[in-house]
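Just below sit the structures, each encoded as structure tokens.
Each of the next two complexes has subunit A plus one more chain, namely subunit B in the first and subunit C in the second.
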Partner chain A sequence: MRTLLILLLAFLSGCASTPALRGTGDLGIVIERASGRVAIVDTSAHSILARVDGLGDLSHASAVFSRDGRYAYVFGRDGGLTKVDLLLARIDRRVIQAGNSIGGAISQDGRLVVAQNYTPGGIKVFDAATLELLSEVPTGSKVVGLADLAGQRFGYALFDTGEIWLTDLTDPRHPRTRKFKAGQQPYDGLVTPNGRHYLAGLFGEDGIALLDTWQPEAGAKKILENYGKGEEKLPVFKMPHLRGWAVAGNRAYLPAIGRHEVLVVDTATWQEVGRIPVKGQPVFVMARPDGRQVWVNFAFPDNGWVQVIDTHTGQLVQTLQPGKAILHMEFTPRSEEVWLSARDDNTVSIYDTASFARKTTLAAESPSGIFFTSRAHRTGF
Partner chain B sequence: MRIAPFLFLAVPLAAVAARASEPTPGRQRELVHLVRQDCGSCHGMQLTGGLGLPLTAEALRDKPLEGLEATIHGGRPGTAMPPWKSILSDAEIRWIVEKLMTGFPKE
Partner chain C sequence: MRTLLILLLAFLSGCASTPALRGTGDLGIVIERASGRVAIVDTSAHSILARVDGLGDLSHASAVFSRDGRYAYVFGRDGGLTKVDLLLARIDRRVIQAGNSIGGAISQDGRLVVAQNYTPGGIKVFDAATLELLSEVPTGSKVVGLADLAGQRFGYALFDTGEIWLTDLTDPRHPRTRKFKAGQQPYDGLVTPNGRHYLAGLFGEDGIALLDTWQPEAGAKKILENYGKGEEKLPVFKMPHLRGWAVAGNRAYLPAIGRHEVLVVDTATWQEVGRIPVKGQPVFVMARPDGRQVWVNFAFPDNGWVQVIDTHTGQLVQTLQPGKAILHMEFTPRSEEVWLSARDDNTVSIYDTASFARKTTLAAESPSGIFFTSRAHRTGF
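On to the complex of A and B.
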């Protein structure tokens, strides 16, 4: 009887060589930019579960997630769009869709993946399930700041021609596009967390272009005009990045171009209500999901520093040196931890956002972007 | 006609000067890292272009060396190309441009 039981158990565990069932809510990826590889991470266990190779040139790579949190769509510099299965830790599909690409977004309903490209300039629309190309909108300009909006729409900005375009993909094979004047050299864009306002940061002039996507017919207006007050800006060794995380409560925290400052804007009036001096030129200015803190990293040569602003007091509360060349930060969905990639130390560090203590460090090769599946459920991510 | 001999002279002299002040091997490694990673944020890690133009040997083939050096030194006003003179010496800029023109080393 006993031996039978043991045999039965052995038989059952033999069948169980398929991986254990698990959810995806605590998964994510870390881009290993120099190796064309992503590491699949577990934010509960603080561990790297697996690595997936063969994603091409991942300098300036970014990712969005399917609504079920199972697939990451990774956009590579070389125009590669790779759909990575996080559960099976393998490439599900991969296409080379452009010569030079900068990122992408996923539609409100999760059925369309859209890539934004430098060459040839434009956006391309793919079926999220099959990666079949459905349509494209050529722009004659480098595309930056692509963001998903309500109603299967996407907002993006054109670096070379200074416009914001809104494309409606209700019929994904027949895009309908409206165009708005924005300003000189938009470098990136963001949509506010409620999906209403699209902002394009300008490099060629002081200011930010703002479009109310609830009433686009009113056109884009300029906010924060002349924030540099005509002073000569410092050399910008790295373009800042914008995304919906810049908004905490009723304030937006935005990087000043060529200045060691974070600009604070009231999102009800879109007036500047303050500026916070920081260690260097901000690259990412990211609000913790609960909005209590804003974390800032910096452009070369100040990219070893990270500073934390308390949004309640408007004061800097912490200055950290988590490693060499801090390229990116990502918060856990409910804000208790932040993961930071240190490219030149080949590490990802996990910090407690309350005590600022480093909890653990993971080894990763030349890590850059960190993306958690909680992005799947946020507009503008 | 009279300047021709000077031209002949000038070329080897410049080459000698460049070699004399060539960065140390340790510094060369740092420069390769800087170009691939930090110039790479705009020009791509493979230097195939991005917000900035491609910096591959093929793309730069017909461009005068001095012009490229001046661009790195002083940047290009009105574009996103920043001046690197506060970070890189003239000899380092020359070394970078020579390597870019002949195919930039891997890390």
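On to the complex of A and C.
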């Protein structure tokens, strides 16, 4: 009898510890960069649900999500790839996949996670369920700007050899790669929201390389030849993140490099059509999902400011001071709120994007990247 | 001792029946219109997980989702509004809110569900958590084309009085409404994917009414004045659904009314720029989320066909016969697959959008609408 009771109690305690059922559409993570930890957040309740430790070096970390929204794949600077279970609030799997990594992406069908590496270079392809290594593509170069594309393809740029590569992982153990001449020292890349155009910023020359992935056979061409390092007059405190580039309607909003300006580009012609003066050197220039606003943060010493451009009027409509060292911004998918991390204030602030009122502030240790599960449903994130 | 055992066993059975934890990002529902039932589907596993009965008259039913992806709100023709728990596979709450209803929408923040009604007309506003009635806006007219907009607003059109109304539900118990002259007998409406333009098709005259919700004070204007009922040469077997309108890049693809054509419209000027001949009278003309393809189904007697337009070349690239009476199509959010319901074959077919291969077929009773939880993260759905 006693044994039976103990058994039953053991069962019961297992039962009691099962987390409550919940949807995953309003979950996300905040990287606590100094602590090797992520905070799991609830964007409906404006709360931190749990923390998960043991993710290694999370400086410059980024994340993608499984298509069911349950798992985050976190790419650490130290080459760690960690699959975090957001419902059980624990590490599901973790591998050290390279010596020095700066991010990754997830395939269109959600079955493959791909990491881009500085050291030893190349990309590595993992089974999203098990993190088993399926294949790798050596590049002989640092890889930057990895982005997922339609057809189980991935685009990325090679810093040392000046190329854009497109790798097709339809057969994930046998990657097929096409290579395109891009220009001197691509330092980051992105894909437009519709997944069509892959762009790589060039560090070694002025301009940006553009590849139309709907017709890659046409090759990459150079656009915005006055964009880049060449003509800068100001010291560059922090290279802008291209991944944050805002495309709203038929305009792209780009951080000028070294200048206190946001460039406005027509996405039909890829010609510059305007410049908007801002408070500092822009780092992230991000469109609200509906395209009505563009939010901008800045490099040191202006990294306590955030400015908002109304894309309808082309005017600055708001200047905010959300905290010290604003490192990242993430919009809720239907645009009503934006979350901002203030690293040196140890806070994450949530703003209403219509009234610009601060709704609440959450405590987080040196927060950097903020990533919501709605990214699972978007291309090039 | 016996009591304790019974208690423990009761606990255990409760425990055992708790469904396994899972993410909700890859869930959806298929309306089984003849059975008053929805099938809960898993878009990763290509499977039907469960069925939920008791939803009343589901002819012409539609659905929206809670922002966490856990609940579907199903609007039935009989005025029933049913909140379905996708994780527990059961009805969470259900109200009969009108005599005759044709759909609804969910607010930007996910807290309000709004139903549009034929009888007695007007819209009703419900708390998304409890389905408590918070307010209503009487219209003295059938309401059509309800769509959610930024700022807790909703746009809709009045069939009998020829107006477009914008209702602001920032204070959900005290709606504030602005009214705009639209034209004769608007019969359906939609909002463009960025949430900016509200369009209402007119039945009583040629043309479409367009309202820029970023500057509604400018009023509605008439566009496409050769579009509509006036010049039709063919009998109209089924009015097209405007809600399916495809906007891809700077082009909108519209079903011609009564003609075997898809109209191509420039969304900068709202002028017609082309027509693409198709196999029958189009009903749904839907863009793949990445905008690369537009899929078209047809009215009787051509409702066994589906055609695909490549938006890059403007050409038809595929003609398929997925089954008898194709009523609806739903794309996975990253575009790799489309699900098609074949009412008279009692099947749902899943196609690869790149190869056009049929991946699998699921059995469903008279399936009509298919809705995936990724809609929770989009505006105007």
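Here is the rule we go by: the second predicted complex is superposed on the first by the 355 of 381 C-alpha atoms of A that agree within 3 Å, B and C clash if a C-alpha of one lies under 4 Å from a C-alpha of the other, contacts with A are read in each partner's own complex, and residues count from 1 in each chain.
To be clear about the criterion, a residue touches a chain if its C-beta (ideal position, glycine included) is under 8 Å from a C-beta of that chain, and two chains touch if they have at least 3 such contacts.
From a predicted model like this one, the values you see are computed outputs, not experimental measurements.
Colleague: Applying the document's definition of touching, compare subunit B and subunit C: which contacts more of subunit A?
Modeller: If we count touched residues of subunit A for both partners, the winner is C.
Colleague: Identify the partner contact of A:T24: answer first if only subunit B is touched, second if only subunit C is, both if each is, neither if none is.
Modeller: second
Colleague: Just checking: does A:F203 make contact with subunit B only, subunit C only, both, or neither of them? Give me first, second, both or neither.
Modeller: Only subunit B; A:F203 stays clear of subunit C.
Colleague: Have a look at where A:G151 lands relative to subunit B and subunit C in the superposition and call it first, second, both or neither.
Modeller: second
Colleague: Once the structures are superposed on A, label A:I102 by its partner contacts, choosing first (subunit B), second (subunit C), both or neither.
Modeller: Only subunit B; A:I102 stays clear of subunit C.
Colleague: Mind pulling up the subunit A residues that touch subunit B in the complex?
Modeller: Contacts found on subunit A: 33-34, 57, 59-60, 77-78, 100, 102, 118-119, 142, 159, 185, 187, 203-204, 235-239, 300-301, 325, 343-344.
Colleague: Going by the contact rule set out above, which residues of subunit B touch subunit A in the complex?
Modeller: It comes out as residues 33, 37-38, 40-42, 44-46, 48-51, 75, 78, 80, 82-84, 86-87, 107.
Colleague: With touch defined as at the start, can you tell me which subunit C residues reach subunit A in the complex?
Modeller: Those residues of subunit C that touch subunit A are 1, 4-5, 8-9, 11-12, 15, 18-19, 21-27, 43-44, 65-71, 86-88, 108-110, 150-151, 194-196, 214-215, 248-250, 268, 290-292, 312, 333-336, 354, 373-374, 376-379.
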